[in-house]
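Notes for the one structure printed next.
The letters A, B, C and D name the chains in turn, as written, and every chain counts its residues from 1.
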């Protein structure tokens, strides 16, 4: 949103982004058509010739345009809109390559000779593959773009690379056969002696078929190298395939490991718990409580991704806690009448937790380390009288419990157990006492509230 | 166990689960039979026709049933039994697909024409493969179900996917050959010119054989594409195989890494220890003690999976500790006569540890950081007199040691060494003193007990 | 070393271990010979027949022996030598399988009929492959045995599995061809019409060649299935291969990742450091100091694998620290005349560190958080006078420095810099003061020593 | 740079390094030429013979030289220049192998017989492959050398290994065919009956083509084993390939996982954050602040790689902090007139952080845990008056804020929010108060400065 100098375009400008995307489409078109022309169309067809030059002119326009596009400095993360700096940066990096991949060598050759260049000019036009760096840059950006699914971006990239390799190898191998002096001693001529009279579609499909049979290492052998020239090409293609296949498998492994990690963590935890209960001969009700807690934790992982918040600066964390917990805390009877300041400092100390039904939150007589505020669900207050658990009452959303033990510093007089799935805010005793110490007036109010409740 | 409205079925109802499982079996049957019918049975056989319609009617019943099944809300984790909400949810998600995959297109076509539909109707009946989402959902559930082994669930899934791909590709490839105008220029006709007269079994086996030779990239080449139509199909099949093979390898790597991680951790620890002793020229007896401790730790990992307990809420941890350690602590001479409250708060602070034979638990004169209770096994009390270690006595299960140093705050007067494999509870000094401070009466009792012992 | 009841053998008895190893060799022999006999030797040769029965009798002996071998209880980690319990455990687990795999079906069949059984008896003798569980158990033990290299154990296991699969598949495939009614329509007969007259060696090599060409998915196609029976076998073999290959790759990936992790960690650290210095434009001398420190840390990782010690019980850690550091500490001038107790508690608090040459250990005026004892190498004492660093003196092995700041509680008056590679013990100020507080007499001695030094 | 004895060369000597590199080139030459000679050149050509002996003599020189090269002791990390120790070490390790791989067996055989040795001597000359250990050692060193990219080093190594395997297998397989009694029953003779008259180039290409078709498991089948001898070789080659392919895939997976880990971490964090905001229905402005913070953190990871510094000794960390932060701190108004000592101890406590625009650094009324110094960028001071946020002023680079709350120990009176990308140093309150306590004079100065500001 920062303002740039006149006539300088931001790289984040939506219209410039659209232009870039349009160029990427042209790149894909020319990456596909260049090897195809090279191998199958020995003379330049008129229509293709014109389309080629139109495409080229778009890239020429882009070269000029680049001199007017600001860039992001990799050190300061600021946009540089100084025209001199932009020009120096472009001239010293990719300018030469961009120009070379845009010069229409074949058209130039037509100016001087009658026929559309020889093999040399065709190889020069292979320079256009340099444009593929745009596709590569696009994928690098997409992978970091959170709006796109990582898995599918990665898959699309891998499939594109594979298809392009298959296409290039098929075309090139066909070209070797087409140019070979003895057509019957070529990979395609050995099977289809009159292959040059076959339709373009049949020849292309055959070439692609050979290419993919080799790439996937299926190697039926119905089409195979027949002369040293083809063998040499095959050797390089197969070495490349070895790398590509490994790369594909490596990527897939990476994705699979990443995918399944959550389920595996869950299962590992459950297995460890089951082993623990089995070894220690824990009674079934304890085992069930353990399992139900772990399952709930796994399910609600999305809820309480507070770990994601740990690396954030304090101010953001405070804002979030304020947004999430302030309404709940404000209405707690214990905190009626306390100052805004007090609540403001209290809120960031709260931690949200989920409890499955019938789980103990507080055991009677345990050390008072935490107080709890019930956000949703219901708990019952339990006390052991003559060795029998008796339900003394219930607490519903908005009530606090465990505060008596925490504020008076004695073992929790009453146990608390959930009756249904409950969301509970936990407040650490030390944190609470620290804040109370800094607000003596509020401490007084709270103690009054506590006595009122009792 | 929550009650639902009348006529609404819970998705966790065992009978509904059985119905779902029955449908999965029907799905597997129709997933196998559909491509087979499509390729090998050009005319509809009567028996199959009837079975097909019966299967279809079961799926039609399930569509109706779905309007009466509650669902689990993904936000609140509560069952929704509101009939309107159920209907809206189903109509807006999978209803259309379910209906399309159930409509008996072939039967309808029979109403209007004499013969059982053309290729078009057969392709429409391919819509039934949509039902496979049920199998996919089943596997997703099984993977999270702790009663099934993760490895075998995953393997079954991968094998099912592979077999289904092999079956489909085999059938489809046969169909292409079957429909091709010149039977001798097909993959199967080139080898078996009269393949149409072969038995169904032989043709099916040959198709599956070709399919799996291609999928595993073995590619003998005895059967291979002979015309562009087959080449095109092969190209897509081989691209798919590349992905599937990578996926299989990725999954296997994932499982192997997970499997071997425990053994590797153990070996890494042992190797690091061995290097450490070697570098520092530690004497052999120290090296052996180190190794025996590490081996024991590895073996008893199952025992003390207390790390699994760390993420649990305090109340559960207390319950477990109470169950495990209370009987041991209750009988310790030092704690005779103390209040229940005291023991209740003491127990969660204990940590169970295993010691191999002849390992020092306490060194004479070390700083008193912990006291220990012997649960099983035997230890001897050692003191160095005139530079010689002398055994002063033995302690057996149920006795406490190290408490003198801890309570009096002076270096441990006596060393303790195990004589056999021993399970020992460790009690941190700070934790003990904190609890004593909160229970002055019990402190008095304990000090009395200590003097009695001395 | 615990004593067992009479006539009960410990599973760790060296002679019993040797017997087990001998059985493993017999297992390997019979695993190799069984499929071979099955496929290539249609009539039982005399020599083989006798060897077979001898091998069988050894396994029969082992079945009897097992009733006298104690076992390790998986719950209590104790050897169980109760004869009744041993018998119950064996009878309820592997007894049936062991017996079935030992019964000499072919010899029995000879008692009743003239020729050595039909296909049925041969398939029954395949039950002997059950014995392979011994090999599997051996590998499981070797992988955990720290005397053997994990990588090579794992590789041997994988190679064994692969070779056994190749051998079995080759033999079985040959048998199918051998038994097929029309020898010319078999995988081997199509190429070598008179294959039954070929030498045993040639036939075996051809079978293994086919097997491995298929397993590695090379699939030349010179030998391939010719009839539905062979196709069916191939289908299963190729499916199995898919799993086996994935398993091999998964294992190799696992090993490679594990292997390279150390180098990669080192490189990651170095790269992060280089980026840090580059971004912050740190001067070259700081960059060099950073790098030399990281390289040294990487090299000496073996020395100070103290992380490996962190999980150990206190008594072991104390013993090691005592062994390593006591001689150094004893001779330090500052600690002359202090009590043994004091040193005993001081030693576990020391941490060994390596410093490359020309690195600052203490900066002049820094906060006094640590004192240092020089174990080997040499340091120079530096003070900045009028803004110039001046060397005041040197300290050699056995001297202490930084103790003035630590004991007097003021900024370090003198900087310290290494002149060569030095090993230094670091002593945290808080730890030292805590120990001094507990030993007032020693505090006095140390203060005297300090004044003497000054 | 340590001085060595006379006539002893350091292994780090640049000229010795160059010599080693020269030998590596000779090794590569002889590793390539040895199998080639072996297979394709049945008689020793004169030129090759001479070159061979020259190469040999260089290696002979190196054997002598090794007796004069110091080595790094693996225990003490010191160079050993004792001539006796060097000799003992070399003689007891690699001397024998080096000599065996250098003896010119063929030349010796020429002394005794007329023709240049038989198969035996050729096999002996295979001993030269022992020299490859130099290449292996070179790669091990390069992988740890931080000047080379890990990925490319590793790739080069893998490609070298693959190419060498292909070359060796091709040569060896050709040799088997060349030596076979019936040339028509060999892998090459079956296709090219007169292969012995083909040009060297064609024969070599064909051999390499076969080799790579097998290694990549493509297995066209146009060239395949025809006799048991070749089958046996193929069996071993394919088993080796299985291992090599797994190794390649394992390495690639390793590299891919390592490569993508950064992007994946970023995406995981973003996804967790998005889920968190969605579940808790956080308002969009909070969501945007969260995301912009995470993106900035990811981008500036290079800036604040201070985690990389955590493992460093205190003195280095202090030096770096001093270099980075001292100029900023010196000019802060609050610290005018304080002692050098004070600043010296303050600087290591600072932590650099980046804040995106419009992010809160301090919320009004929050607990005063940190003070901040603005290094670059701009912040505005905000206070809520009657519930409306009002901008009270701005602070620019070099100013401090939050110090009032920290020094007076009361909630921050004024909120602070960035207006652009800002680099901010954070100073923890506790650390500041600790340092102030140790410098009472500076505390006075600072309080004066604070009052002046107010």
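Keep in mind that, in the parts below, contacts are C-beta pairs under 8 Å (C-beta built on N, C-alpha and C of every residue); 3 or more make two chains touch, one makes a residue touch a chain.
In this text, all values refer to a predicted model and were calculated from it rather than measured experimentally.
Participant: Rounded to the nearest 5 degrees, how far is chain A rotated relative to chain D when their C-alpha atoms are superposed?
Facilitator: That rotation is 90 degrees, given to the nearest 5.
Participant: Since chain B and chain C are copies that touch, is their contact same (over half of the numbers shared) or different (under half)?
Facilitator: Chain B vs chain C: different; shared/all numbers falls short of half.
Participant: Between B-D and A-B, which chain pair shares more contacting C-beta pairs?
Facilitator: A-B
Participant: Given the pairs B-D, A-D or A-C, which one repeats the contacts seen at C-D for over half of the pairs?
Facilitator: A-D
Participant: Where centres are the averaged C-alpha coordinates, which chain has the largest centre distance to chain B?
Facilitator: D
Participant: Counting in whole Å, what is the centre-to-centre distance of chain A and chain B, each centre being its mean C-alpha position?
Facilitator: Averaging C-alpha atoms per chain gives centres 25 Å apart.
Participant: Calculate how many whole Å lie between the centre of chain B and the centre of chain D, each centre taken as the average of the chain's C-alpha atoms.
Facilitator: 35
Participant: Show the residues in chain C shared as contacts by 2 or more other chains, in ascending order.
Facilitator: Residues 217-221, 245, 249, 251, 253-254, 257, 279.
Participant: Inside the complex, what are the residues of chain B that reach chain D?
Facilitator: Within the complex, chain B contacts chain D at residues 75, 217-221, 249, 253, 279.
Participant: With touch defined as at the start, can you tell me which chain D residues reach chain A in the complex?
Facilitator: 159, 162-163, 201-202, 205-206, 208-209, 212-213, 215-222, 245, 248-249, 251-257, 260, 263-264, 266-267, 269-276, 279-280, 282-283, 286, 289-291, 293, 297, 299-300, 353, 355, 359-363, 365-367, 369-370, 411, 421
Participant: Applying the document's contact rule, which stretches of chain C touch chain B when the two form their complex?
Facilitator: 77-78, 143-144, 146, 150, 214, 217-221, 224-225, 228, 231-232, 234-235, 238-239, 241-243, 245-247, 249-251, 253-254, 257-258, 302-303, 305-309, 311-316, 318-320, 323-324, 340-341, 344-345, 435, 438
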